[in-house]
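See the structures that follow.
In the two complexes that follow, subunit A is the common piece, with subunit B as its partner first and subunit C second.
Now for the complex of A and B:
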């Protein structure tokens, strides 16, 4: 381009006329306008940073945080000392939340695809166009009389307060989730035994901690709260023993580490239970009073699980199992922390039942320092009670194949849709990334690309995830730092609390919280009666706070928006909550057509009404339990109508042909392994959460690449040295990854972390976007060259037949040195 | 004989170029802007700069051209796509540990303050962030126009002060990142229009910076600005 000053200025002469400040180009938008009023702002003014409390969502823990704002910009995040779970502390992930807001590859405008789905060509549209399009599609679904063909599939969902009534009002129960790719099998086991899902290990008061298949010092559900209390307990002298295939940082900081064979933890728990029973170290009062088995029955059942048998299967020496069992039963209080490493197996649900049995016979249930039921705070709900819609479940219904999978089977949703099981007209994804997080990602993507199976895919996301890349419409979601939700989490002080999530900064660009989008859509679809005239999430939260029991007495919204968290300061932990006696009025019918009856055999006290006129069939009927002529709260059922006792013997399991007592179920695919085959397991690192933090530059600078852990013995047989490139092959695919040769892994197992290997999600995750910067800065932006591998692509869909959980830790693989060899 | 250009006219015309560029990068092109760019007066000026709107934008019907440009704009400046975020903060990392390469860094704050010092505020409708390329270009347009007004009003000291402000702004803001931005766009662009406009912006801004260094305004003969205590000696 031959440029001279004169030609420039000629253009300028034309431009000056056309683009004058108060120019003639009618209606042209201006980037700036004259400010009215005499405001004067000095360059030298240093304003005080504004501190706004809120709740983190970098993982599911929901730590209380404080965001510091300067010049309308979030500059820093800290823990909120008023939050009783995290007590002002915060992990690296939480601090890097700032990066979520200002990710340069963030999607800030509604985008509609141009060309083929997945082609990567997009066009900006207005919110009005986007909402009109969605409204028209959803209206058509509803008017067609098959509302269940609108499928909403979420991942991290902290907005059920709006999603549930919205879907209910719409008339679709086709709501997918992500629980089964995490801990669904654990939850189902707990619901089958003591009612609610989730537990709280009261480790702060424990003297002996068993860790089975998890890594609480680096990653866990409600991680920060648990982690800091494990550390407190260790500092106070508690012992810790860890069973894990891998030497995690938790294992490394334990008194003893056992690299156990995958999927045999439940058997070790049974063998320990056997030792405890045979040695008379059990809690007789709890077993005889609060469970539905007797000591004698247990003695007889457990006799088969000898320490020798457990040692043969698990690799943990029999003498050690015996020693740990005795310690566990005698160094009190004690508890078992168990999670995905133990439950993400074909036999995951049963493994958790075995651990629950072990906790029960040791007398650890809901006691100080033991395994407690969860206490969560309750927010008032200012919405109108939605009509009890007879919502139909469409494509996501797993019940016919998995009758007990109460948390659904997320990994099978897309494969089932692809097979034509359940028709879909509109598929809306929110905070979920199936191609990346689900097993057999290539299969998941095939279905997402199939416009016959999924005619219209709306994706709410703040980033260009692998899932968003396969959408028809992307709605720019607000980040968790720009939105409002009522929050709570299982309390590690055993006193329930509530926390606020409020916007620390306004949504960037045109991003908009999905909560507000759903409210707007409810109005547009004419199903917004339940909103009670509430216009957005901010107003909802204000009204909720002002109506919440306890909180409203100290100032409601005005209190919590400034403090961030609330709990009853005078309340003490109510351990053994199941043993609380009912009051006489609890046993009286609440209305004329209600009757309260007692099951003579189980002692369950329940109500009969017009919905359930003759038998106990729903958890909603439960009133309490009668034991020895007294009435107690008992173990309140959730979803499954269990008795109200701690159910070691499960009629529910028997009903569907599963073993009624906790037992050992060998993993079928592990019984016929060839000598050169290994088991692939996956794990998390301490600076990332699943799939959604790798766009945080501060975190990805710390962890951006991964390697497969392999034992020196195993590596030597394959001629593999540390740093070599190896090929890991399963029945659904293979991946090339560097080997990390280490004693810190079971010789029959290889392990790889699962936060890496994005192929979208912006420059920090995948390097796909042009790294930006000038001068010295340029290389600093994305200085790392490797983005790691994603093991999920070679892990087949494999479901625990009882709990519905994905068996991520069962994959049989071969490992070979690649042609490239050492690199 | 060529017409003599006065300092005020030069400033006004410089503002005109920044004005065109600001409009082009602010958002997807609309019908009015397309027609303006295709109109003879601008088209011929652009053509002399090697940017013939007829060639660059093609002869296709308006709707088709606008659709294609919208897709290019989205891919380049909004993402997803090759995505070169048109924000200073993404290119200039100021403080270690303060999120180099992220949106809304210090430059965004400084840009907002600079605007505020001129009695300007970012339009409430503008959902882009203050250090957006269009804002910085429009800021230069506004300064150049203000300079022109001072020349015309005969306040040469004020005009010189505004000139200095432009020089500093190019050094501390636009000039620091525009070259990198332009080369990223050139690498990424599918469309010759935005690539050429980006290159035009880069070359014009560089040339403008040199012009601002001149000890005298662009003029040959004619009106005499007179002695200037702020350093615009009359050396004609």
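Now for the complex of A and C:
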């Protein structure tokens, strides 16, 4: 479409109109007579507040939001009705985003440590001093010829658009992340089978929802979008069955809750697959055409996983497994929502492979109402692309021990640095809090305190976290409400979208977005060619928007800064994307050194070029798949060079000595448990995100102290009554915590949330003011005095040997009533 | 045409206790820590493994016959023609009669101002044609707000077409907040909030 002023104005007006109300978006509820949102009125002045759309970052869901501003102050956040995933709604965490900006314990200027590391003595310095110091250190690292000794370790990173080229230009691939303390094992399993990591359960169109180790009504990686569609589906009559060790709100809102022994979900999935295969309820066309196994092979392999065997191991009755299997295969569309409760185990990667198998044989892969591949939007990138850095220290990516851990092994980064697996000169942390979020926090802290292992620790944070307290230099970061990023997220409408994150208010005090700091450092270090002259993140985003396909046709930056989100309104969901036939030109070489060849055995169509002259060894070579003389898009590999079919049988697994077909791997530490031992699992609540929302007073007012859930039978054996103090002991430590005696938990399990027990992070969650805190916030109204416990401190580092994920849900513990708890 | 009578329907078949309403209210109305205009009650019942948890979002019922208004000695508590029950802070003397007389424990005293406070149905928004903040953000779209006197309104139609419940009907207050699919145990004893 040609963009004229006339069309632009027309589109702009349409955007503004849908801003106010869009009844069709509201699911079951029809348009109300009053407007649902899109504008906000001051309670005191009754004047309309200024509205600025942006994107939330209270969790990773990336909901579209509108910030309302009054007298230059952010006063309210709401969901953006133009955002197709969250459709104008926002959870409790998102609503509390205002607290992130005005936290009285926010760090508002750069600080340099003056006492011992961790002693808590700081001196305020200027940005110029801070940047001079970092520049000098990083220059020395680079000039020394070992750029990999600069390690950047991030947690929630929505700024890879600047971090990746910055690190590449610097020459260091020593980049740590945090995926393996969440769902890395799930991702690795998916990459081994259908290519991309992550999935979208198209529950809005499902009639049968099986939940395994996930709590989508309280937390999920795309929580709000999934949650509201689960509710819509349920209201439309969909059945829901949940397997969980504890009665989560999801379990509570299901038709049936099955408490299950931790780490046996994969076996139950295999037994269901067996029932489906033996009863002829499978999708023959999908299995025979699109997977790399035959029905007969599956029949033979699955026969060993009887419902009786699964019942013995999992505690779920055999008859129920059979019934659910038949329902799953016959009440269509159906899908399995599986997440951290199922994959944060020693056998987590394999559990996900089992569930993927179950979805595949039931014919649920990338179909309406099934388990879909993710669709995400694509922004233009106005930066140059520096050559990919390869040099890295072993500690950040221990491939020698975990060859398939494609998302790295975050929980082992610091322990391995402590053991000397790679020298570190500068360690920069961003939006990560290892002492709190990683297992065995005490070990993580020992390394952070060790000035030989980590000679210089720079921390970018807006708050005085447990990690910031162990830094040498703290750079005051801007919050997500004061900065710019290109955003997208897996789409639950199956139509990709993009969203803007833009500053709703200016950064408070001297805080500065880390994005802008990295750009400034690139210039100071003389590695800023890739910036293409762009001076800051706001300019980057303007240029990106004006160059983004589709968006640029409706006005680019001017459109998205006002509307907040963009997707192609004419696009329909493209289910079964793998079955799309390739065009003749897709099969032609793109240059004269390229050759397109077909693997006669697997059907994989791939290219050979100067980087890969003789064999298929990189996902970048993949072109498509030949099936029955036709060429299809297939399952496009990501990282692992798989065939392009849905790989139930995995040559990749076999190559490293892992089982090639989905199977059951019993958890070693659970096989020799003594009668009085229990399994400790942890969980999230619906008003917090991991470690970084507890400074929000409105959330911590709801969830501050935490208690360990224990079944009445288990409690009675130990003489424990509701509210008693108990001691929970693992092989790496113990904690004293209140008992919540509840019928809503498996008798062999105790469970505790992991959002409490901060010893820093400001007054609202630790009772301690930050050294740089300003003002007294709402101190006089704080009524809670207990800040709870952090279970991560007693959970050992335990890595899934295949997927690399941390096994948070496996810890064997004893639980005893404490002296204080007696009488 | 008859006056409007604003009311709310909360569909508990959709509510999953996410507390977005609870925080939206704090933010919209600048409610201090320690007190709530809007909150979610949870009730767990049953024996392992047949256990259920029910949610009951609570707020002022904006009753048709509000005891708080009757018992206010200064006229600070009043009911508008559209049914919204409010407190005029300039007239409130903080005597707590209204707090004591509300059968739903929906009122509290603001510690700093020493005046009674409670949910206003976000009158400042409703007066300008926008739903209350809790309705705006409800992830489940469990909250429906509108004019009960309008036969075409969604709230009226829901009330007419569903078996709806109100809290403590025996108190004779005629609440304007209706529940669909509420659990009997959750509805009982809800004066404790």
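Descriptive notes on the structure:
Quick note on the criterion: the second predicted complex is superposed on the first by the 755 of 823 C-alpha atoms of A that agree within 3 Å, B and C clash if a C-alpha of one lies under 4 Å from a C-alpha of the other, contacts with A are read in each partner's own complex, and residues count from 1 in each chain.
Assume contacts are C-beta pairs under 8 Å (C-beta built on N, C-alpha and C of every residue); 3 or more make two chains touch, one makes a residue touch a chain.
Because the structure is a prediction, the values reported are computed rather than measured.
In the superposition on chain A, contact is made by A:105 with subunit B only, not with subunit C.
Contact with subunit C, but none with subunit B, is seen for A:224 once the two complexes are overlaid on the shared chain.
When the two structures are aligned on the shared chain, A:616 is found in touch with neither subunit B nor subunit C.
Of the two partner chains, subunit C is the only one that A:249 touches; subunit B does not reach it. In the superposition on chain A, A:540 makes contact with neither subunit B nor subunit C. In the superposed model, A:346 lies in contact with neither subunit B nor subunit C. Once the two complexes are laid over each other on the shared chain, residue contacts for A:123 go to subunit B alone; subunit C is not touched. In the superposition on chain A, contact of A:259 is made with subunit C only, not with subunit B. Once the two complexes are overlaid on the shared chain, A:78 sits against subunit C while remaining clear of subunit B.
Subunit A uses residues 26-30, 32-35, 39, 41, 43, 75, 98, 697-698, 778, 780-782 to touch subunit B in one structure and subunit C in the other.
Remark: subunit C residues 13-14, 16-20, 22-24, 26-30, 32-34, 44, 46-49, 51-55, 111, 124-131, 133, 135-141, 144-147, 150, 153-154 touch subunit A in the complex.
By the touch rule above, subunit B contacts subunit A in their complex via residues 5, 9-10, 12-17, 19-20, 22-23, 26-28, 32-33, 36, 41-42, 45-46, 48-51, 67, 70-71, 73-75, 78-85, 87, 89-93, 98-105, 108-109, 112-113, 115-117, 119-123, 125-129, 132, 134-135, 138-139, 141-142, 145, 176-177, 179-180, 184, 187-188, 196, 199-200, 203-204, 207-208, 211, 218.
Subunit A makes touch with subunit C in their complex at residues 26-30, 32-37, 39-43, 46, 48, 75-79, 88-92, 94-96, 98, 217-218, 224, 227-228, 231, 234-235, 247, 249-250, 252-253, 257-259, 686-687, 697-699, 701-702, 711-713, 742-745, 747, 778, 780-783. If you check the complex, the residues on subunit A that touch subunit B are 1-3, 5, 7-21, 23, 25-35, 39, 41, 43, 70-73, 75, 98-99, 101-109, 111, 114, 120-124, 464, 468-469, 474, 508-510, 697-698, 760, 763, 769-774, 777-778, 780-782.
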